[in-house]
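Chain nomenclature is as follows: A, B, C and D, assigned in order of appearance, with residue numbering initiated at 1 for each chain independently.
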Amino acid sequence: MKTRFAPALFTRSQSHVVACLTSLVLFCVLFCVLFCGACSVAGSAAPTPAGAELFQLCAQCHGPEAGGNRPVNAPSIAGLPQWYLEAQLKKFKSGGRGMHFDDLSGMQMRPMAMSLANDKEISAIAEYVSKLAPTKPATQLTDGDATRGQALFVTCSACHGADAAGMEAMKAPPLNHASDWYLFASLGKFKAGVRGTNPADTSGALMRPMALTLPNEQAMKDVIAYIMTLKK
Amino acid sequence: MQKPIATLRSATGISTGKLAVWWVLASEIVIFGGLLCSYLMHRLGHPEFGDYAAHTNTTLGACNTFVLLTSSYFAVRAHFEAEHGRGPQAAKWLMATIGGALMFLCIKSYEWTHEIREGFTITRNAFWSFYYCAAGLHACHVIGGAIIMGIIAADAAKNRELQRVELVGIYWHFVDVVWIFLFPLLYIAK
Amino acid sequence: MAQPAEEHGHSHEGHDHAHGDDHAHGDHGAGHGGHHEEGFVKKYLWSCDHKMIAKQYMFTGMFMGIIGGFFSYAFRMQMAYPGHNVPGFGVVSPNEYNALITNHGTIMIFWLAMPVLIAAFGNFLIPLMLGCDDMVFPRINRLSYQIFLLSALVLIASWFVPGGGFGGAWTAYPPLSAKAQYNLTPLGSTLWVIAVALEFVAFLLGGINFVTTAMNSRAPGMKMFDIPMVVWMIVIASILFMGSVGPLVAGAVMLVFDQTVGTGFFDPVRGGDPILWQHLFWFFGHPEVYVVLLPAVGIVAEIITVFSRKKLFAYRTVLYTAFGTGILSFFVWAHHQFIAGIDPRMANVFTATTVLISIPIAEMMFVYVATLYGGSIRLTTPMLWALAFIAEFMIGGVTGIFLGASGSDIYFHDTYFVLAHFHYTFVPIAVIAVFAGFTYWFPKMFGKMMNETLGKIHFWGTILPFNGVFIPLFITGMGGDHRRIYNYQNFPELATQELANLRQFATVSLLILLAFQFVFFINLIISLLNGKAAGNNPWRANTLEWTTVSPPPHGNFAQLPTCYRGPYEYSVPGREEDFWPQDQAT
Amino acid sequence: MIERYIEQVSTYASDIDGLITLIGVIVGFWFVLVEVVFFGLIVAFREKKGVKAQYITGEEKHQKRWIGIPHELVLLCDIVIIIAAVRVWVNVKQTQPPAQETVRIIAQQWAWSFVHPGPDGKLDTADDIKTVDELHVKVNTVYHFKLEARDVLHSFSVPVFRLKQDAIPGRVITGWFKAKRTGVHDIQCVEICGIGHGLMPARILIQTPEEYGTWQAAQAATASK
C-alpha cells in the first residue's frame, strides 16, 4: 500500500491508449456532426413546417380532430374551406379580429394566430384543417324553434346558401357543420358590435347588419335551430 | 430476511424501530400541519365557514373522539402485555384497537353519507373541500394503522416481534392526536 | 495494489468473519455467502443491498438527467433559432415548449439532483462511512427505490397522454395547473402532480432510513464529530426535506382534488386562494435548494481534504453553518413571492432573512478556501470537479443577493437573470458535485479506476461551455429577457440582434457542453470494462469505506470496524504516512 | 449598470438601478477577493516533492480569525444591502404618491385589456376608453393602476419602468408609476399563463398631454359613432 497512486494513473496500459484514442475520435465525429447540424440550422431560413405539425398547437384547444371544445371556447373547425380559414387566421394575426375589448374568446385565439410566422404557414395549416373530415357537433341549444328559424334563414341563405354550405364569392363560410353554441356566440358578437366593427374586418362588416336584423336572442336561437337541421 | 447488524445497533440508546417511528411521525406532523395551517388561514379569512361548519354533526364527531380515545387505551393495554412478553394477550388488545378503528370508520361513513345526501359534497365550497380532504386523509391513516395492527397482531399472537406492538401504539396515539385537532377545528369552531 | 485474486480471497474471508462474529447474519449468511450466485433479478433488480440500491438510484437519475438534458437542447435550439426544425425533435410549438421547460425543471431537481445526491450517495456512503453492514431498514430502502422508479415512469407516461405533458412550469402555480380549461393538459397535469407526490413519498422513506441509520448504527467509537461531513450533510438534508415537504404533500393532494374532483382550494371564485399554493410550494421549494446543496458541499469536503492532504478547516464551524443554513432556510420562502401580491410589508422581513442566509453559506465557502491553505494539492479529476464546484457556486451565491434584496428583485424577478443565477447554483450541485462524487467513489463502487485523461477532457469540456451558456443569460436578463417565452418575435425590445446573438452563443455553448458528455460515458464504459484495478484505498483516504475491498461485498466489511478518530486526520505531524484511517488503533 | 442594457423611463427606475449597482459593487468585491485567494492558494500549494501538508485544525482562536473577521464584514455588508433594498422597496411598492390618473389593467389568457378614463377623468363611467394590447399614458403624470386577472395568474411588467406586479384572479392590486419620458415600450407577461404565454405582448405609449388629448378625442369620436 505504500506505492503512490499517481504513477498508477499515469502509466496507462497499451489498451488504454487505444481506447482513449478511439473514444476521442468518436467524440470528435459526434461533436462535428452536432456542430454542423447547429450551423446548418443557423444558416438557413426557417422552413415551413407541415400543416400536421403546426396543427399540434391548434389541437390543444380545438381537439385532435378539430371538433371543438366548448369549455375553452374552441369551435369545431374541421373541414371549413381553406379560403375562410386563411382569411380568419390573417385577420386574427393582424388584429382585425380578437382585438375588441369584449371579445374575450377572440383574444384567446389571436395570439395563437400570431404564433404563425408567415402566410405560408397560414396556408399550410388552413389546408390541413380544411381536409379534416367535418364533425357533427352535438346540439347544445335546445330552446330554438326551427320552423320559425326557417323563415328567418331566408336572409342568411342569400349569402350562405339555402343549404348553409357557404359561398366563397360572398365570403360566407359554411354553417352546416358549426357548433350551435359558437353560432350563437358569434351572432351575439356581431349584434353587439364586438365583431364586424374593426375597420380591418371588411367581410365581418358585411355580416354585422345581417345580424342586426335578428330582433332578439330567441330569434338567434330559432335560426340556429334551423341551421342545425341542415347538418348532414 | 434477517436483520442487518446496523438495525440492532443503538448509538442513541433508543431502539432503531422506535427512532424511525418518531421520524415518521415528525414528517406526518408537517403534512397535517401544512393542511391544517392552510385550513386555518382560510377559516380566519372567511367568517362564513362558521355557518358551513354548523351543518356538521357534532354529536357523531364527539362519539368518534370517544371511540378513538378508547382504542388508544386498548393500544396502551396491548403494549403493557407485550412488555411482559404475553404475546397472545397483546394480540387480543390489538384486535380490540382494530375494532375501535372499524367503529370509527363506520360512524364516519354514516356521517359522510348523510352529509353528501344533504348536498354537502366536496365541491360545495372551500369549507367542505377542507372537511373531506382533512378527515379523508386522517381516515386513510386510520385504515393504514388498522392494517398494520392486523399484521402485527398476527405476529404477536405467535410471540414474534413484540417490540412492534409499542411502535404501532405510538403511531396510533398520533392518529388519535390528529383527530383531537381535527374535531374542534372542523366540527366545533362555528 | 490488491490483485483481483487477492480481492476474491478477501471477500470470502469477509463472509467467514461475518458468520463468526454475528448471529444476526446467522444461517441466512449461508444463503448469500455466495452472493455472486444470486439470480440476476435478485441481484440487480430486487436487491436490498444498499450499494445496489445506490447504483439503481444513480443510473436511474443519470438516465432521467439525459432526458432532461435533451429537453434543454430542444428548447435552447428554439430560443436561438426560433421556428427552425430542431434536429432530433422537430419544430417546437408553444405548447411543446412549455411542456419541455416544465419537465426539464422537474426532472433536473426531482429526478436528477435528489436521487443522485441524496439517495444514491446517501445509500452508498452512509453504511460504508459509518462502518455498518447495511441500512437499518433494507426492505424499506428497496421500497423507496421502487416507488421512485414508479414515479419516474408516471412522469414519463405524462408526456404521451392526449393533450401532452404538463406545461405550467415546475412551480405549477394554480389556477393554471388546477384546471384543464386553462392548462389544456387534463391528463398530463394530473400525472405530473402524482409523479411528484410519489417521488416525495420515496424520499421520505429514504430519508427516515438515512437519519435513523446515522443516529443509531455508527461504528463503535464513532462520536458525533467523527462522522464524515458528507454523511452529516446528507442527514441534515434529509431532515430538512422531511421538515419542509409536508405542506407540499398536503398541497399536492389539494391540487389533485382541484384537477380531478373539481374542488376549489385554489380557485378564488369558490372561496379558495391561488397564493396558498405558492406558500405551500415555496415553503418546501426553498429548503429544497439546501436539501440538494448540502450533500454537494459534503462531497466537496471529502474530496478537497483528501487531495490537499489537509484536515478540514474548522470541522465544527462547517457543521454549525449547515445547521444555521438549514434553520434559516425555513424563513426565506416568500422571497419568491415579492411581487406575487403578498402584503408588501412582508417583503421587508423576507429580504432580511434571505440576505442573512448568505452568512452561513459564505462562511462555508471561506472554510473550504481556508482548507486549501498549507495543503499539498493534487489536481486529479475529482479534485478539479470539487474545486470547480467552489469557484462556480460562488457566482451563484453572489448573484442571489440581487434577487433576495426586494428592491432589485422587482426588476430581476422572472427574468433570465434569475434563471442564470439558479443554474449557477444547481449546475454546480447537480452536475459538478455529482461528477466530483462519482469520479471520487467510482473506484469503490466498481473496483476500477477511471481514466484520468478522459476525465480531464470531460471536465474542461463541461466547465468552460457551462460558463458560456449562463454568463450571456445574465446579460439578456439584465436587458429584460423574461423567462418561459418560446419566441421573442412579438416583443420589439427583446427581438433585437444583440440579444439574439447572446441567446445563440448560449445555445452553441450548450451544444458543446452536451457533446462533451459523450466523453464521460465513453470513459465510464472503458473504465468499467478495462479500467485499472483500484485496490482498497487508491486515494489514500481516511474514511471507513476505503478500509474494505473495492467493490465491497454484501455485508460491506470483513470485520465491522471500530472508529478511533475523526475523518480528516491528514498529514498529522510525527506520522510517517500522511493519512491516518479512522479504523487504525495507532 | 442596468441602464446600459435598458432605458430608464420611470421615476423610480434609477433608484432600482442604483440599488443594483450598490449590490454589484459589494458582492463583486467579495467575489473577486475570494476567487483570487482561492486560485492563489491552489497555485501556491500545489503538490511538491518532499513537502508535507501542514496540520491545521482551524479550531484554535488565531486560526478561526481568518473565518471570523470576514464573517463579520459580510454581516456588515448584508446590513447595508438590506437597508438599501428596503428603502427602495418602500418607495416603489409600499408607498403610493397621490394619483393624478387611474387606469384599469385586465389580464386574461392571452391578452391585456386596458380601461382608460374618458374625458371626465374618472374610471368606470360611460365614456371610458377601452383598448386591447395598447396602454396610453401621459408623461410626467402619477398613474395608479388597478390590476386584475380574468382566469389565471399573470404578471404585469414594463421593463423600462422596472415595474413588475403579479395579477391574481379575484383580487384588484393597486400600484403606481410615473413615466418621465415619451416613447413606445414593451409590456410583458412574466408569469407563465398557458400555451399563449409567449404571445402576450402589449405596448405602452407614453405621450405628451397634447398627443394624449388628441388620441382621447379620436377614441371618444369613434365610440359615439
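We adopt the following convention: a residue touches a chain if its C-beta (ideal position, glycine included) is under 8 Å from a C-beta of that chain, and two chains touch if they have at least 3 such contacts.
All figures in this text were calculated on a predicted structure; none of them were measured in a lab.
Trainee: As a test of understanding: of all chains, whose mean C-alpha position lies farthest from that of chain A?
Mentor: Most remote chain from chain A, centroid-wise, comes out as B.
Trainee: Based on C-beta pairs in contact, work out which chain pair has the most and send it over.
Mentor: C-D
Trainee: Provide the C-alpha centroid distance between chain B and chain D, rounded to the nearest whole angstrom.
Mentor: Between these chains, centre-to-centre, one finds 48 Å.
Trainee: What whole-Å value do you get for the distance between chain B and chain C if each is reduced to the mean of its CA atoms?
Mentor: A distance of 34 Å separates the two centres.
Trainee: Using CA atom averages as chain centres, what separation in Å is found between chain C and chain D?
Mentor: Chain centroid spacing, chain C to chain D, equals 32 Å.
Trainee: Of all residues in chain C, which are in touch with two or more distinct other chains?
Mentor: 94-95, 184, 378, 487, 490
Trainee: Send over the residues of chain D in touch with two or more other chains.
Mentor: 109, 195-196, 198-199
Trainee: Taking the top-of-page definition of touch, could you list the pairs of chains it picks out?
Mentor: The list of touching pairs comes to A-C, A-D, B-C, C-D.
Trainee: Quick check: in the complex, which residue numbers of chain C touch chain B?
Mentor: 22, 24-26, 28-29, 48, 127, 132-139, 204, 207-209, 211-213, 215-218, 222, 242-251, 253-254, 257, 261-265, 270-273, 276, 280, 283, 560
Trainee: Please output the residues of chain D touching chain C within their complex, sorted ascending.
Mentor: 1-2, 5-6, 15-17, 19-20, 23-24, 26-28, 30-31, 34-35, 37-39, 41-42, 45-48, 51-59, 63-64, 66-67, 70-71, 74-75, 78, 81-82, 84-90, 92-94, 109, 151-153, 155, 157, 159-160, 162-171, 173, 185-186, 188, 190-199, 201
Trainee: Once bound in the complex, which stretches of chain A touch chain D?
Mentor: Going through chain A, the ones touching chain D are 57, 60, 98-101, 104, 107-108, 110-112, 114-115.
Trainee: What part of chain D is in contact with chain A in the complex they form?
Mentor: Chain D reaches chain A through residues 108-111, 113, 130-133, 150, 195-196, 198-200.
Trainee: Spell out the part of chain B that touches chain C in their complex, as residue ranges.
Mentor: So the residues of chain B in touch with chain C come to 1-12, 14, 16, 19-20, 23-24, 26-35, 37-38, 41-42, 45-46, 122-123, 125-127, 129-130, 133, 137.
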